[in-house]
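Shared between the two complexes below is chain A, which has chain B as its partner in the first and chain C in the second.
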Partner chain A sequence: MQLTPPRRGRIAQALGLLTANLLAATCAQAQALSPAADAPPDAAAPRVGVNDDTQSDVGLTRLNAAVLFYSESGGRVKATEPVVSVTVNGSSGAVLTGRFTVDTLTGATPNGAAPWTGPQTFTTPAHAPGTTATVTGSSGGSTLVTIPGTGTVARQYVTPANTLPVDAGFRDLRTAVDLGYATPVWDGGRLSFGGSASTERDYRSYSGNAGLSQDFNQHNTTASISAEFEYDRSNPFFGTPTPFTVMSADAKGPARTKTVTSAVLGVTQVVNRYWLAQLNYTVGESNGYQTDPYRVLSVVDSVTGAPSQYLYENRPGSRLRQSVYFGNKVAWGPTVTDASVRFYHDSWGVNSVTAELSERVPVVSWLYVEPLARYYSQTAANFFRDYLIAGQPLPAFASSDSRLGKFQAQTYGLKVGIPITGHSEFDIPSSEVYFQVQDYKQTGSAQPGGVVPGLAHENFFSGVQAVSVFAGWTMAFY
Partner chain B sequence: MQNDGRRRARARAGLGIALLCVGGILSACASVGPAAWDHDLMARKSMQLNTHPDLMAALEHSYFSKEGASGGRSFVGGGCGCN
Partner chain C sequence: MDGGFVLAFRAMGSPCEVRIDTTDRALAARLGGMAQAEALRIEYKYSRYRADSLLSRINASNGQPVTVDSETAELLDCAAQFHALSEGRFDITSGVLRRVWRFDQSDHVPAETEVAAVLPFVGWDRVTWHRPEITLPSGMEIDFGGLGKEYAVDTTVLKLQAASPAPFLVNFGGDLRVSGPRANGARWRVAIESVETANTAEAMLDLASGALTTSGDARRYLLRDGVRFGHILDPRTGWPVRDPPRSVTVAAPTCMEAGLISTLAMLHGADAEAFLEAEGVVAWWQR
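Showing the complex of A and B:
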């Protein structure tokens, strides 16, 4: 029984050494294959992109303004997100950044219950504790009712037969501020600090971070380490429900909090004249309230699938996330390839792979295009359930959140950039407008394995299909 | 308690692996890369790791709100109640 931990330690140690050696060998090979290593400085020099500025950032100020329009199909979430930001580069190499974001959200979100062959009625609190103001109104098909015998005012909505239940009363406004400062501290060394604050009607988040980076090897290698601490406070409209209690109009418990501590270790390497690579290892631990207070699970009959209760979900209070990210930028003449892959694992059992590829192609002096594709795949958390079976013991944790289920996602998009001024590399001030349109689609299994017979014809997959348009403007001046 | 211990052991193993990787890379790549006068292409805006930070932030936030994974390019926190 006591042999397991040391054995894992040895395996981890061996894997670490093997990985390090493999990467070291890759780097050595990259050095040997580098076409720039033996070539004269200007040999086979690709022409710098006609609309690709290379001005020095020292003393430069950048102003940016943009807006994101986001829409999910099926009447789900719609968002409009304006953002403004500024970057000020000092003459000494210090950089100050600030960003202000507003996010307006409306639409419907799955409430977690399973579909059923008959209509389903859901009852939630209508008022925040201690107030008489209706928190979500009667929009989105909801109605206000008084529970007989109690006088409690509740909000009710009905889901038609054979339809995935969604709560259409979702509405929120998020504002966020991000600040950052980085400064040289010694030759090749940079220290950075940052902080952010984000508020929603029912959620607040604050974070602070610090990092240190160091250039080596004639500025070809940069190693960095950074850490962040985040404090979040969840204050749902009607209070925080006790996990696995029955969905009802009763007021719930007080606000809950969680903390997230994370760190990023990174190495950026100029592999050769044309290739820039980045390798990051990220680790983060979340502790505290991580349950979705609005989400429920159906408790269904083991044969007919008829729902008898809707219980509030329950997630573990701790989550450890780890990921390895490998990004690359490669210049092919005037075009640039951006290719990356990320491997992710967490203690809830979610494993995922993400791969992204884009190619920036200058068309004429005032236009470039950048088609892009992204693939994402994840396994389900070990406590993911589409529903619970009546009469069976409750599991320790359960959630039907599709974000914790198994699915794949494909994204296709196109970015278009139009430099307005500054077509040559030293034109200042320069400005650019850019647009990115993308289509995102999640795919997955419609039914869990071993589904109860009465639900064999229902579609449980609540994956997202979304279209987004991002329009931005940026201007740089000394 | 046992799960916490295992998780911490795994985290320590992961951190150890990462440090070994970083050490290995730094030592092995100490002489990799072009000479200073061959850094011209790296100065292009299109060769920066994040050419449009506002767009990247919006996309990362959008993915974070719909998917179980987060982090990689940066920290794992999301700063919102959407996940």
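Showing the complex of A and C:
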């Protein structure tokens, strides 16, 4: 133990000035950021992410507003979807999220019938008197007719020869609200609850979910489990048709419902500073009405292919879905790669695989680009039929919905992001404008194997080709 | 402690306490809460052990410029100036050396090639710092290990002083500062821990104002072939400084000054005492 006399040297003197300046400058700042009355922040589980856009911050609020334009080629579905979402991070580590979406859909969808060498006429119920008519006269070419001798008002439309029949009388508005709340419950543990409701004129859906996640291994590993229950009510414009009955203008049955129960088990692992991996297993069972009430199947002659009837389709009342998802975020120097693969299987016989790769490349500090490629391939449901053959016994179930058929799809996209204030997410408040363009194309075979001779030159594949444009703005502030 | 309250909590990986010389229990609780909030605020922002801290995100920036807030900018300015003042001995990029040096009281001294391999990632000169934008070359890291806790003590003292005239002592993991004399005019009594035996006092000090910090290698060292490798690494060589004191305690008006001087004294190794005498600071050391 020794004591030196108090006589200040060069460094000690410089330091005195340095620290005085530092404390004077930063204390005002620190007090502004964290008022004296603030409760101490809870030891909340930090979220780990490599350049993760959704990373949460204590006290931070994020606002996101975006609009999606989606357009299928050939005058099919067009959608405009504005989305507003907000994430509020409480000082205790709790996170509240809300999202509001409005979808407007217009256009034509295949009605399920097979193409034929001549024009085809379809007759469906018109909307009940007093309801808002949604028939489009111009592009759809639908007409309202009164069935002679009955007084029943029907809607009729004619589709041209040698084309896959589509119903143009399709227009809908969907409104959806999602709310979520997550809160730390103990060290490294988080409990979450959520709910959503969406409504269309002919469909309503409500769901609720609860989940628990736990961090281990110094927050490098997160295991999570969650469960969701969904209740859907389908109330078609003209009632619910009885499956495998003939398409007609007659009034149909009452609304039908469906429930979906699902669970997700997940593990997220920080492999190292540059690599974040995630593995999820999802299982879900849906029970109830899962048939498309607007969709029919042609019953055709076994040789000529001439349609004799259009029957409403029929799908099984239960469906068990399972999927495994493996995703990775890897930072290579300044760029971030997102690579994921998903395998899916369901009890209807649909198996699919999705592989996706995107790369986020900062060009300059105020601009990044993110090219994306996605490949998708699925097998057909075991009750998928392009048509039924007259005179043969009806199968238990049948649908010609191309989403249940065999196809592949490729998506190519490019996202461009422009941070506006500040050049990093640490500069709060910061905002960013981003644009994304995606080109989606389905491919598949034009004809089923063993097609009836009269339809050998028709194209059954209703493959979707679509372009979507996404423009959004996001802002974060304390 | 007579006639006061002690509020203890853990923050920044250390036991922390605030002693408040008052009979008002509610006031003591409020000041204690403020101190804890401030300690945790700085921990959340600057801990390298928290993947979501600002510091961790700077370290994960992979060569990309990161724009920092003004508080961080002040700290970086301070670190930059002290790097220059200390002729490179104090360097907030030196934490990378921990990849090869683990001071676990074993004999695992790294090979010279291992140390040489990480040296290219050490050096404040390699960092581009144009306020408010910092660019760390890929593979480099910064941490405020040498000044974060001291800074937290100082900001806490300023906040508590603004909130109440009650005398207090803030002690975050051994870095401490008092607001002034105690209520009865007496000095605060502070023990300097012995380097030989934990929880025994080497000396008692009486403190009326200012701060005290201690740097040392009491329990963090490697021992090989009878040579003791202390945990004070010289960022210029990548090797422990030779023959530093076992501990250096420095008194200064603020905790940051005291902490920087005591750290720098250790970095002077065998010349620590000469350095302290030249600087004319109030200091105690143990060999």
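Assume the second predicted complex is superposed on the first by the 409 of 478 C-alpha atoms of A that agree within 3 Å, B and C clash if a C-alpha of one lies under 4 Å from a C-alpha of the other, contacts with A are read in each partner's own complex, and residues count from 1 in each chain.
Throughout what follows, a contact is a pair of C-beta atoms (placed from the backbone, for glycine too) under 8 Å apart; a residue touches a chain by one contact, two chains touch by 3 or more.
Since the structure is predicted, the reported quantities are computational estimates derived from the model, not experimental observations.
Visitor: So, A:N89: does it touch chain B (first), chain C (second), both, or neither?
Guide: Touch status of A:N89: no partner.
Visitor: Counting only touches as set out at the top, which of chain B and chain C does A:E230 meet: first, second, both, neither?
Guide: first
Visitor: Using the touch definition from the top, say if A:A331 reaches chain B (first), chain C (second), both or neither.
Guide: both
Visitor: Identify which of chain B and chain C touches the larger number of residues of chain A.
Guide: Between chain B and chain C, B touches the greater number of residues in chain A.
Visitor: Contacts for A:H219 in the overlay, against chain B (first) and chain C (second): which applies, first, second, both or neither?
Guide: A:H219 sits against chain B and chain C alike.
Visitor: With the two complexes superposed on chain A, say which partner A:Q278 touches: chain B (first), chain C (second), both, or neither.
Guide: Touch status of A:Q278: first partner only.
Visitor: Figure out whether A:Q269 sits in contact with chain B (first) or chain C (second), or with both, or with neither.
Guide: Touch partner of A:Q269: chain B, not chain C.
Visitor: Jot down the residues of chain A that show up as touching in both complexes, chain B in one and chain C in the other.
Guide: On chain A, the overlap between the chain B and chain C contacts is residues 5, 8-9, 12, 15-16, 19-21, 23, 25, 27, 30-31, 34, 36, 41, 46, 48, 218-219, 270, 273-274, 331.
Visitor: Inside the complex, what are the residues of chain B that reach chain A?
Guide: 4, 6-7, 9-11, 13-49, 52-55, 57-59, 62-63, 66-81, 83
Visitor: Name, in rising order, each residue of chain A that touches chain B in their complex.
Guide: Residues 5, 8-9, 12-13, 15-17, 19-21, 23-25, 27-28, 30-31, 34, 36-37, 41, 45-46, 48-49, 52-54, 64, 66, 68, 70, 81, 83, 85, 97, 99, 101, 174, 176, 178, 196, 198, 200, 202-203, 205, 207, 209, 216-221, 223, 226, 228, 230, 232, 234, 260, 262-265, 267-274, 276, 278-286, 318, 320-325, 327, 329, 331, 336, 342, 344, 346-348, 350, 352, 354, 360, 376, 378, 381, 403-404, 409, 415, 434, 436, 440, 442, 464, 466, 468, 470, 472, 474 of chain A touch chain B in their complex.
Visitor: Quick one: which bits of chain C touch chain A in the complex? Just the residue numbers, please.
Guide: Counting only chain C, the residues touching chain A are 33-34, 36-38, 40-41, 44, 49-54, 57-71, 74-75, 77-78, 81-82, 85-86, 132-133, 138, 151, 154-155, 158-159, 162-163, 202-203, 252-254, 256-257, 260-261, 264, 273, 276-286.
Visitor: Show me the residue ranges of chain A that touch chain C in the complex, using the header's touch definition.
Guide: Touching chain C from chain A are residues 1-12, 14-16, 18-23, 25-27, 29-31, 33-34, 36, 38-41, 46-48, 50-51, 55, 57-58, 218-219, 270, 273-274, 331, 333-334, 362, 365, 422-428.
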